[in-house]
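Beneath this line is the structure, given in structure tokens, with notes to follow.
We call the chains A, B, C, D and E, going by the order they appear; numbering starts again at 1 in every chain.
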Amino acid sequence: MPPTLTGRGLGPGKLTRLHRMLYCHGAGDGTALLLPYDHGLEHGPRDFAAQPESGDPGFVFELALAGGFNAVVVQIGHARKCYEPFAGRISLVVKLNGKTEIPSDDAPLSPLNASVAEAVSLGADAVGYTLYVGSARQTDDFNALRTVREDCERFGMPLIVWAYPRGSAIERAGGRNSFYAIDYAARAAAELGADIVKLNWPTDPPSDAVPPEYRHEFSDADQLAALTRSAGRTLLLLSGGERADADVLLNRAQAVVNAGGLGLIFGRNFLKREPSEALALAGKLHHILSDPIIGHAG
Amino acid sequence: MPPTLTGRGLGPGKLTRLHRMLYCHGAGDGTALLLPYDHGLEHGPRDFAAQPESGDPGFVFELALAGGFNAVVVQIGHARKCYEPFAGRISLVVKLNGKTEIPSDDAPLSPLNASVAEAVSLGADAVGYTLYVGSARQTDDFNALRTVREDCERFGMPLIVWAYPRGSAIERAGGRNSFYAIDYAARAAAELGADIVKLNWPTDPPSDAVPPEYRHEFSDADQLAALTRSAGRTLLLLSGGERADADVLLNRAQAVVNAGGLGLIFGRNFLKREPSEALALAGKLHHILSDPIIGHAG
Amino acid sequence: MPPTLTGRGLGPGKLTRLHRMLYCHGAGDGTALLLPYDHGLEHGPRDFAAQPESGDPGFVFELALAGGFNAVVVQIGHARKCYEPFAGRISLVVKLNGKTEIPSDDAPLSPLNASVAEAVSLGADAVGYTLYVGSARQTDDFNALRTVREDCERFGMPLIVWAYPRGSAIERAGGRNSFYAIDYAARAAAELGADIVKLNWPTDPPSDAVPPEYRHEFSDADQLAALTRSAGRTLLLLSGGERADADVLLNRAQAVVNAGGLGLIFGRNFLKREPSEALALAGKLHHILSDPIIGHAG
Amino acid sequence: MPPTLTGRGLGPGKLTRLHRMLYCHGAGDGTALLLPYDHGLEHGPRDFAAQPESGDPGFVFELALAGGFNAVVVQIGHARKCYEPFAGRISLVVKLNGKTEIPSDDAPLSPLNASVAEAVSLGADAVGYTLYVGSARQTDDFNALRTVREDCERFGMPLIVWAYPRGSAIERAGGRNSFYAIDYAARAAAELGADIVKLNWPTDPPSDAVPPEYRHEFSDADQLAALTRSAGRTLLLLSGGERADADVLLNRAQAVVNAGGLGLIFGRNFLKREPSEALALAGKLHHILSDPIIGHAG
Amino acid sequence: MPPTLTGRGLGPGKLTRLHRMLYCHGAGDGTALLLPYDHGLEHGPRDFAAQPESGDPGFVFELALAGGFNAVVVQIGHARKCYEPFAGRISLVVKLNGKTEIPSDDAPLSPLNASVAEAVSLGADAVGYTLYVGSARQTDDFNALRTVREDCERFGMPLIVWAYPRGSAIERAGGRNSFYAIDYAARAAAELGADIVKLNWPTDPPSDAVPPEYRHEFSDADQLAALTRSAGRTLLLLSGGERADADVLLNRAQAVVNAGGLGLIFGRNFLKREPSEALALAGKLHHILSDPIIGHAG
């Protein structure tokens, strides 16, 4: 059973939009499967080389519909120019900030490219903000997040925070994919007011560089439970990350469901597959999300 | 007897809110015991490892009520999402700025994550601002404090300044925990218009790195008296700092009371204890605060 | 046949202005031939040494009319002081940002020198913005682009983005003129909301410094097809770049047309030629643009 | 006879306030003796070690009244919290900016901690702004001064500029206390629109590091005459600087009066003395200020 | 015959003010002789050492009247405090930005010290802005110029841009006084929208550091013709620069007139001379300006 939306300080506007995304689209049972589609900005068109038609937003939106995704997540350019034929048929999430990967990532910051008001005007059901937890430019990052969050309160727009440990300091402290880093990111997003937090799966093994509390092995279940606890009233989305084997992905999906997460956000693992294979994977993910018997995927 | 609230340039709005916090909650006799709860952002969830349930705001708020605290101090995310069931039963202090500990602390600055207006809208009785006294980024810090202070005047909202000596310059000049550094921080907060200043207990011994006036031993009583004098019309809260023995904490509490301080702010020393032990400690602190016979705890 | 203007999220204001530029000026058949004329700011008057009269805006505007260009692209000073006698006879594109080439180009940023509102007041049919894709100052660049784009939405003003890979990071990653860099720039402009993107012709051979997907030879046709795909619903303008032989230019023009591009933007290749030679070149370009039989120029 | 207030571009608001400060308080004859009291922020409480009660604003304000000072100069915190009992009995000057001395002084900038409007609301008769002439951050400094000056014009509030040569460049060019540096500071304040400029007494001997025009000995009288000339229509206040012998101070006071200066501003030389000694010194200063026979103190 | 004011995109407000400056003051025949007087801020009072009374704005304004200057150019402090007795008798140009020469000049930027609106309120007939063409801080510089220019359009206030090549990059590229640098500066000012551009006389010989187009000797006449061409519809003022022999100055003045420049701006060459000598020089300059027979001064 997906997590309830009540008791999380969401007012009527946010509840209306989240309800639409979670109960009127996708599986329609309150679970979430989102398709992020801003790789062209974040990584360049090279991400579309494996499946060239994945460079075409129209093709991708159709695929998202066919795969039963609740929403597509795009930058403002694609929201403005490509969403219209899909309006009302799948939720739109406008990713408000984004950057290229070309300059140094030592002190990353993701510039705001659109406003919450513009997302409202396009009929979006949520907005996204990438927070680089641990970056030396956290002042600018937190300030930008604050303006977005305040506008979200004003417009009743759900706020999804992509909470990414990033920057040279976290690389020295165990790396961006350590459980320590991702657990910290989950909490930071929660305390800063995210309605939903999007996390990457922790893949780095524990090292001496992380604080003592994190210097031993944790099971996937323990890690997911801790992330859920750190996120508190903030709903949890886990990503698939770089292209991985289907078994790995399904096991992770099951772990997310078991821990009480809201759902999954799969981009490259969907779009880099051949379409029929991608749709088959989406079907299995829905099966796990909507029928969460513990150990189901095992 | 706790310090009087009059003659400190507080208008009716600030007096109303402070009165509510000090006389309607906690011991209700004008003394202050506050529970700060933003370690998840400042240090990460590792601070909850000793007592995992302390990661849950609902659990912590209940514990604060049980321990007779006047107020909980949280970041905006927890204020928005978790305070509602406790509204009117314990005062809310919204900590307006905060940061992670991941990036370098050489020139720290704590970004604003919420506004005074938002704190007003949530029914808060005070706001908190962390000022890194001595940081190379003091221009940005003072500018942000100024905007907060002006809004506090406008809304009649009491302003608690966490005055922390911090940054590479103060580390070279005797360290953040020297009496010199903390005394300077108290004065800076007062001249910049704090209604209440939160200080750490001075723990570093005098060294040749501090100015001549501070290069000898001071008794706890002398130090507290000096801090009170430096704070002037600004009320004084002392913190417990990192987890310490109960005896040490009680002696410090007594010294604060003897010097005319407003009260105490205990976070990790409360939350890292087993709950029954924590409540027992809170009881002893109340005893000292509300019955301030000099030498009581000695 | 030139690309259609519909299905690209352009509202009535943008369509009106683009229609005027593409169907009321130049060849008048929907193809585009634009004359950029801000070399004086970008490179200094040295660009006019070959043809000194090209330093005179009046002379250049007359030449643009004679050559059947759809629009001239100038900085605000020339728009304010020199366009009046040509108002209504050729479209005006105000280049909103621009800089000198004197300071280091390691982390370039092009300052805004005018607003969309001012371009509206001068009767402009589009505005231009130079985005230095990959510059370390991308935060400032994206922020400025965002304000311009939002004003363009507000005023119904078409936005042409000069998408230039630039800065020390891209020089280390294969160079500003690599197909990789220009393909990334096309996509970035599209995702950030450009209505039209102006690209340079990719001239650098593939190297080991670019991502694996780009480390082999591509034909001109393949490159242009990829750029068109990356640009998506954003219309494509290709430039002539530095002065080149007429044959090279005509071949490139044909490739642009074949790939479905909107048109060409030729500055130095026009203005550094003797006027009669320049007009003859313009005539050949029109021939290719308006009669796009594949292989026509070959 | 003190300098006249007319012919200096002061409108009715500034004249009203200056008249109140100069003719309704202190000696009441148009001469000025001001008590600056922000050492606690600028240097820390160590400045109060010699006379601990000087750490108490109430004590200091009483002493200023007893000493016949025209005004006290304090930061906003003390203005808000401590001035009320003295309102109408001595003029208030709100020092709008200020900083701690802890971070590096290589490129100093003094952050704004309050606004002119707030000074108006507290009944102040002037505001103060510290300008670090020669700092590498002069752009930020001049920008902040400009906003203050514009508000002063808007509210009719006299603007006193503390013009301090400061930063690594001036230290290399002869030092902050050279006649060259202070003469430049006087002129800069005048051209930037100060109504009154506060200067330190030039104490550094001429060196080869200063421009040729300043590489010889000047008498005190010559220096003061030059400073007055450089200040032009801007009134001149000279400070006592660090604690010095009374004879030295009285000679300087006489030189200021002889040169047509408005008066004196004495802080540490007053507050670091035993109160009866301080009051005796104040009496002698008034004698010099109000009976300016040339050579009087000699 | 002085250049006409029409056909330059100046609306009625700018024309009214320029007409007043050029036809109601000075020679009254449309030629321009301006007296800049902000050396006290830019260089310090040392510039007044040769003629100490030149430190007094009142003296200087009288001298400007006597010498038949059209306008004095001063910073806001002198405009506010010293212009009133001369209002209506000589035009006022408020120099809106300015700085001291103390900090490093590697990446110069001149801070704004006043607004166009304030200049309007003081009856100014033009405003001045110093643009450091080629400085690494060109983004801040262009942004500030843009706000000034937009206000000038709004208020009908003529904008004079002091276009100075400056900063470490231009020093490496042939120096600030090379013909290349000054020609570039003229064009940049024109494209950025200056109504009048003030240039220094090119004095550096050609070197291998400048672009090829500038690596040979040019006659004064050729250089002035090129500068006029680069400035386009922007009117040209040439300065006298540092104190030089009268013959040199008169030859330069003649060259400016021959090239169609608007006039001259002479500060130090006027103020560092003994007053009678200065007035004699001014007389000769007027003779050249108003009776421009080519070769007149030769």
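Basically, a contact is a pair of C-beta atoms (placed from the backbone, for glycine too) under 8 Å apart; a residue touches a chain by one contact, two chains touch by 3 or more.
In this text, all values refer to a predicted model and were calculated from it rather than measured experimentally.
Counting only chains that touch, the fewest steps needed to get from chain A to chain D is 2.
Counting steps between touching chains, the shortest path from chain C to chain D takes 2.
Between chain B and chain D, the centres computed from C-alpha atoms are 36 Å apart. Chain geometry summary: the mean Cα position of chain A and that of chain E are 58 Å apart. For chain D, the set of residues touching two or more other chains is empty.
The touch graph of the protein chains shown is a ring with every node of degree two.
The assembly's chains link up in one ring whose order, counted from chain A toward chain B, is A, B, D, E, C.
By the touch criterion given at the top, residues 38, 40-41, 44-46, 49, 52, 55-57, 74-78, 80-82, 84, 98-100, 102-104, 109, 111-115, 118, 140 of chain C touch chain E in their complex. Chain C contributes residues 8-9, 133-136, 138-139, 141-143, 145-146, 149-150, 153, 165, 167, 169-170, 173, 180, 183-184, 186-194, 211-214, 226, 229-230, 232-234 to its touches with chain A in the complex.
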